[in-house]
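Take a look at the structure set out below.
Just so it is clear, A, B, C, D and E label the chains in written order, and each chain counts residues from 1 on its own.
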C-alpha cells in the first residue's frame, strides 16, 4: 500500500515536472514578449532588453525553468539597490504586473477557487445524484422525463449564458447580493454567512452544468445496480425498499461516479474561468485568464498551470485510494 | 389435497409485457407443500422455475409483471394469500417465514459488505438487538454451515470466500431466522460436484433441524433423485407432471419427462450407445401456440387423434395416486410408450 | 455641466467603480493613463504644478501645487526652476524637500524597474546619451551616471528649490511637471516595484489598502492641509476605488442608480450607454462631451505595406463611416468624422485641413466608385501595392484590439471595402497586448486602429509622437516615405519655435502635410460619456485630464 | 496400437500475475504443473477435474494460445512447443478447438457464414465448390439449417451456437479437436444432441478428441480413456470402464461418488464420500500430494512427498501413495 | 432444393437493422434525430437556402435597424423577409447569419468529434490489445495530457498557433483558427475516448471469440480489424452523438472568450456572445440562437440516448 502510494507520487511528480517544462517551452516560443508589454508608451529596444533581464527572460527556457524550480526550494531575489526584494521559499516567481510574489497571489486566489469548487461540488453532487436516484426510482414516469429535460436544458445553454442569466435575472434583479459586494471574498472562518451568500449563486450556476452528467450517470448506474443479484438477495431478506436503495444500491452505484467526480472537482480547482469571470470571483481561473490573455505574466501562468495539474494528479491518486476504500474487492488485506 | 399443506400455489400465472409481446413465463402453476417436505421443481433453462419462485416470494416488480392466481401460506396464525397482501405484509414474511437462496453465490452476495454484516442485517430485520448481537448470531450461523474459523471470517468480504463457502454464507443468511419455507433456486449449479455434495448434505441437515419446507429448483435430475420427496416438472411455463420422486423416475407419465430421463448419460451405467434425444428446441414463451407446448417435439403426438395435441391445451390430470400429468395421451398409451 | 449652485458638503463615501482589475500603475513615476493620473493626483499625489481644477477650457491652464509658482524658465527655456511651498508634508508627517522631488525624477531613469511611465525627464534633461539615444544615467538603483543626473537636476542649499537643466529649449516643460513624475519620493521610502501597490501620499487622502481585483481604499490624510493646497478638496470621508466589477454589473448599477454615491470610472457598454443617454430618468446623471482623443487608423506606409498614396486614399474614400457610427451609438454619442490628427478642442494648433472629410469626393456612407478610380490609377503607378490590396490571398490587414465591437466593425468594413474591390483582413490582437504588438514595427499590419490625445495643450505632444521616427507612437512608419524629410524639417522647426502663435501656425502646416499624405486613414473626433449615481454632487468634466473633475466631487447628504 | 496425434511431456504452464491494485507482489499460479499425456488418433480422451484445476489451460497451451512454461508438445509427430505464430499457422488447420461458452465464443457482430468461412480465409483455402457451399455443407453436417448462413449468433439458441462452434472447428478437417467443456452450458435435452453429434462426427471423419469436462457422466459416455486432474496435476489415468468401475485414486473415487445419479433408489442407498474443504488455491498449492488436504486417507507421507504418476496396471496410471481398489 | 439457395421468405437482419427497428420504436429519439438532422442539413445547405430566400449573409439591411443599432419592429425585427429578424448593430439577416454560423460550428464539432474518436480508437485499441509496455506508455501519456489545464492552454496558445498555421500556409484567417481549435479539441479530447475504448478492448480481448480467432490462426491485424473493431462501433457512434453537442457548446464558450473563429464570419458561439450584450435592448437576439442551441444539443443528446438503448441488447430489460 505504502509502496503503491509512493510509486504513484513519484510518477505524479514526473508528470508535474514534464508539465512545467512544457509550459516554459511553449511560452518561450510565443510571439508575445512580456518584456515589450511591460515597456509602456516610450519604448526603446534597450528598455525592452532591460525589462527582459528584469523578468528573467534573457536566458534560455531551461535556465528559466531551472531558476523557477530552484526558487520553489530556496526562494528568489529580484532587483538591486533600493529596489531589491526577495520572494521567500516556496517561491513561484514574482509577478511584475501585480507587484507581488506569485506565492502570495496564489494564496489569495486559492481560497476563492477552493470555496467555489467545494460548494459547487457538493451542490452538483446533491442535485445530480439526487435527481439521478429519483429518475431511476421513478424511471419512465413523467418525473424521470421532467428531471431529464430540466437538466438537459440547464446544461445545453453555454456556461456564459446560464451564468449571466442567473446573475442578471435573479441575483441583481432581486437584489440578492449588493452589486458592490459581488465577488468580495469573505473568509468562511470569520464571516461564514457572507461567505455562503456570496458563493451561493456561482455554486448554483456551476452545479447546473455538471449536474446533468451526474444525473445521467447516477440514473443508469442505479438502474444497472438494482438489477444485480445481490439487490434481489437484500429484498429476499425483507429489507425495505428505502434501505435497498440507500444502503444496498447507492454505494456500488456511486463508486464509479466517484472517479469522474474526483477529476471534475480537481479540474474546477484549477479555476472555473467563466463562472469566476461572470461573478467577479478573484480566483485562479480569472487570474490565469488575465495572465494568459492580457499580461503574458509567465510566472503566474506557469504556476497556475502546475497547480491545476497538481490538483488533477492528486485527485487521481485520491480517487484511486477512495475507490479501494469503498470497494472492498479492490482493497487488499 | 392434504389439509396439512403449508404452502398452496394455485393457478399461478406470471407474465411480462415486453416489446416483442407478452412473455408467459409461468402459466397455471399449481402445487402444494407441507413442512418438512422437499419439493423439487425441474425443467430446462427458461421453463419458468425462477420466475415462479420469485412470484411466491413477492420479489417481482409489480409494476412490470402481471401476476395472477393464489399463493397461500398456512401460518399458525391463520392462512394468508400473498399475492393480494400488501407489500409490507409480504416483506415482513420475507427473510423470516420464507427465505430464498439463489443460483449464483458469486453475484448474490453484496460485494461491499462483510458477510457478517449481511447475515446480521437479515437477523436484525426481524429481531430486536444491536449490531453486536447480530454479529454474534452471524458467527453462530457461519459455524452451523461449517465455515472454519467463523469468528475471524465473519469480517471478511464475499470475494475472499470460495464459491462453495459463499453458497454456505447464502444458506446461513437464509436460515438465520429459522424460516418455515426455504426456496433454493439452483443452489449448486455453479458449484463442482464435490462441493455440491457438501452443500446438499448441509441443506438436508438443516431441513431436519428446522423442519423446513423446501422448494428445490434445479435442472439436475441427479440432484432431484437424491434430495426430493416430490417433483414438479416444468416445461414452457407449465408444470407438466407432478409426482413423488420414485414414481417420476420409474413411472414417468409425460413424454417430456420420459425424454429427459432418457437423454441423460449415467455414470453408473457403462453404455456406449447413442444417447436418446428430444429433437427440436424449447419453444419461445411469447404468444405460445394453441395446444400442448411440447407437441412440436413430442414423438407420440400422432397417437392422439384429431391433432388434439396441437389444438387443445391439455389439463393437469390425475395419472395415478398423487401423480399428476398434463398430457392428452391416455393412461394406457403412456404405459405402453414408456 | 451640472450647476455649481449646490454647495459641496463634507462626509460620506465616494465609490469609484471600474471594470478593470487594478490601476495600470499607482507608482507616481509609472502612472501614465490620463484617467488614473487625474484620480491619483486629485486624491493622493501632489505635483510641482497642476491643472486648474475647473471645468471648461480654463481647466487647461496650470496652477502651482507643491511649487510656489508654475515654474520659472530661463536660458531661453533651457533652465527651469521650481521652489517648494513651505509646510507641505507626507501622510506620515515628514516634510517634503527638494531632494525628494529630485529623487522622484531620478527614478524615471531606472527603466528596468520603473516601467511604463512617461519619459519626459529622459527626453528633455541635459544628460548625455549614447549612440542609440539611451541616457547615460541608469537610475538611482544602479547609480550609473549619477553625476550626469546631479548636474542636470539640482537642489538649492535650503533644499527648497529644484533646478532642471534641459538639453533643448522647452517652453512648455512645466506641463510635464504636472505629471506625477514630479510627485516626491524620499529615497529612504522607495520600495522599487512594490511602490506600485503602496504609493506614498501627500494629498488629502492616503491609501489605506489596495488590493488588485478588490479595491483601493482612500482615507483622509491628517497631515494634509488645505492651506498649502489650492487644488484639492477632501469632501468625502472615504474614497473607494472598486475594481473588477463586471461590465454588466457596473452598467446595471448606473442604469438603475442602485449605488447612489458612485461614479463610473469607465464608459458604459455601448448598448447600455445608448439606453442610459436616451432615458430621461438616467441621462441627468450623465455627461456627453468631446474627449481629448482623436481616433484614427494609422496607415503603415513602410515598404511592402501601404506605400502608395492612391491605395491609401482608395481605402479612405471607401470607408463606411455612417454604418460604423451607427454601430457605435450614433453621432450623438460616438462622434463625427474628423480631418486632422489634432483635435479642434486643443485650441490654437488646430486648423481645418484640405484632405479627408474636406475632400469633395468624401461621402460619409463611403464612395466606392471614387475608390475604384483611385485604384485604377494605383494599378499602373504602384502595381505591387495594388495587387496586395485587391488580391484575395494578400489583402489589407487591419490590426484591431480583440473586442466584440471591433468584430462588428469588421462585419461592416469588410463588405464595404469589397464594394470598392479592396480585400480586408482583420488581425485581432488581445486587448492587453494590443499597443505593444502594433508598436513592434515587424508585427504591425497595414492599418492599425489607435487613438491619441495630447499630453498637454500643445501639438508638440501630437505631431512629433505620431509622425516622427522614434517620436513614441509613429504607427505610420513613415520615415522611408519620400515625403518624410520635408515633413520632419517642418516639425523640428515648430518644436523649436518659442513664439506660441508662430508655433501654432507651423503645427497647422505640419498637420495639413501629414494628412494630405494620408498617413492617417479614417479619423474620428470622438465623444465621451460620464455617468454617476444620483448621490454624487459637483460633477463636471476636467478637459485636460479627459475625465471627472475629481476635486469638485462630493457625496450628497 | 494407434499412432499418437498428441503427446505432452511434462507440460507446465505457470501464470505470473500481480494481485490487487496495491500489491506489487507477484504470484505464480501453477495452472498446469507437469503433465504427460497422449491422445491417439481416432481416440477420445476425457479430461476431468474440478473447476480451476487447469483443464482449460491444458487445452489452450496445447494450441499454443498460451506459451507453455516448460515441457514439450508433440503434435502429429512434430514438436511444436517452440513454434512461432507463423509456424503454428499450418498446424492450426489440423488442430482445432471447441469452446466452453457458446455465447462468448462467437463474435456477435459476424454472421455465422463469415464465422465459419473465416477458417478458409485465414488459411487461404479454396474449398471445392466455393466457400459458401462448403459452409452450408458444414452447417448441414452439424444439423443446422444451411439457409441460416446469414444470421447472427444471437439469433440462435445455446445448442445451435455450440453447433456453429463445432462447424467452425471442423471446417479445415482437423485431426484433433480439443473440446473444452462443449456441453456444460447446455440444457439436458440439448446436451444429448450435441454429444451424439460429436460421436457421429468422430466415426465419420476419424477425428480425435481431447474432451474436457467436469460432468463425469458425459465424459464417461463419450471417452475411450479418462484423465483426472487435480490442481494442475494428473491424479489418475485409465480406460473409461476401468476408471468408473474401479477408481484407484481417492480423489477419483470421491468425485464419482459425488456425481448424483438420476435414480432415487440407487442414489439414496449408495455410499457417498463427502470431501471436506475446498480446492486449495493453485497459487499456493499444498506440499506433497496436492490432494492430501482433502484426502481422508492422507498420512504424513502424503503431506510431504508428492507421489509420481505410475502405471499400476495396463493402461492405468495413478499418482497416489495408497491407491484404492486392486 | 439446392443448399446454395437462400429461402426467399427468410429476412436477413444485420445488427444495424435490428438497432434501427428498435430505434424506430423510440419516438423521442426519432424526433430528436430528425431535428438534429434537419439542423445539420440546413447548415450544409446554407448557401442554397439563403439563395432561395434571396438573402445575402454579408449584406447590411441598415434600413431595418434604428439609429441606436437595435432592429426596428418587435422580436428583433422579425418579418417575412427576415424570418429570424436582424442582427443589431451591423444589421445582417439573423437567419443567414445562423445558417452560415452553424456551418462552421457543425464543421468544427463534427471534425473534432470524428478525429478525437478516431485517435482515441487507435490509441485505445493499441493499449487494450497489446497491453504491457504499450499500454503503460499510452496510459502515462494520456494521464499527462489530461493533467494539462486544457482551457488555459487553448486560450493562451490559440493566437500564436493561428499565426504559425498561417505562416505555414496551411490555412488562412478563420480557416487557420478553425484548424487550431480543432487540433486543440482533438489533443485534449482523445484521451477520454481512448480510456473508454481501452477498457472495452480489454474486456473484448478476454472474450472467447478472440481466443477462437487466434486458435484458427488469425493474425493480430485480423483480430483487431475483424474481431475487435466491429464490437467498438456502437460505443463510437454513441460517443459521437454525445460529444457533438459537447463540442458545439465548447466552440461557443471559446468564441465567448475571444478564441476561435472571428467576425465577419459567424458561429453560434459568436452570435451568442454578441447577443449577451444586447440582452436588454434586443432579447430576441439572445433568445433565438440560444433556443436553437438548446434544441440542437437536446436533440443530439436525446438521440444519443435512444441510440445507446437501441444498440444495447440488454437495454429493454431495464
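Just so it is clear, a contact is a pair of C-beta atoms (placed from the backbone, for glycine too) under 8 Å apart; a residue touches a chain by one contact, two chains touch by 3 or more.
Since the model is a prediction, treat every value here as computed from it, not as a measurement.
Engineer: Please identify each chain that touches chain A as well as chain C.
Structural biologist: E
Engineer: With respect to inter-chain C-beta contacts, which pair, B-D or D-E, contains the greater number?
Structural biologist: B-D
Engineer: If you average the CA atoms of chain D and of chain E, how far apart do the two points sit, in angstrom?
Structural biologist: Those two chain centres are 50 Å apart.
Engineer: Centroid from C-alpha atoms only, then distance chain C to chain E, rounded to Å. What do you get?
Structural biologist: 47
Engineer: Could you give the separation in Å between the centres of chain C and chain D, each centre being the mean of its C-alpha atoms?
Structural biologist: Roughly 91 Å separates the two chain centres.
Engineer: Taking the mean of the CA coordinates per chain, how far is chain A from chain E in Å?
Structural biologist: Here chain A and chain E have centroids separated by 25 Å.
Engineer: Which chain E residues sit where two or more other chains touch them?
Structural biologist: 159, 258, 273
Engineer: Among the residues of chain C, pick out those that touch two or more other chains and give their numbers.
Structural biologist: 430, in rising order.
Engineer: Among the residues of chain D, which are close enough to touch at least two other chains?
Structural biologist: Expected reply: no residues.
Engineer: Quick check: in the complex, which residue numbers of chain D touch chain B?
Structural biologist: Residue list for chain D touching chain B: 50-51, 157-160, 187-193, 195-196, 199, 214, 216-218, 220-221, 240-241, 244-245, 254-268, 272, 274-276, 278-279.
Engineer: Quick check: in the complex, which residue numbers of chain B touch chain A?
Structural biologist: Per the touch definition, chain B meets chain A at residues 54, 57, 59, 91-96, 99-100, 102, 104, 107-112, 114, 121-122, 125-126, 157, 159-160, 170, 173-174.
Engineer: Within the complex, which stretch of chain D touches chain E?
Structural biologist: Where chain D meets chain E, its residues are 60, 63, 65, 85, 88-89, 92-93, 96-97, 99-101, 104-110, 118-119, 122-123, 132-133, 136-137, 140, 146-147, 149-152, 154, 165, 168.
Engineer: For a test of understanding, state which residues of chain E touch chain A in their complex under the given definition.
Structural biologist: Touching chain A: residues 140, 143-144, 146-149, 151-153, 155-157, 159-160, 163, 245, 249, 252-253, 256-258, 269, 272-273, 276, 279, 286, 290, 293-294, 296-298, 301-302, 317-318 of chain E.
Engineer: Can you tell me which positions in chain A touch chain C when the two form their complex?
Structural biologist: It comes out as residues 31-33, 36-47, 50-51, 53-54, 78-85, 96, 98-100, 164, 167-168, 172, 175, 178-180, 182-185, 277-280, 282, 286, 290, 293-296.
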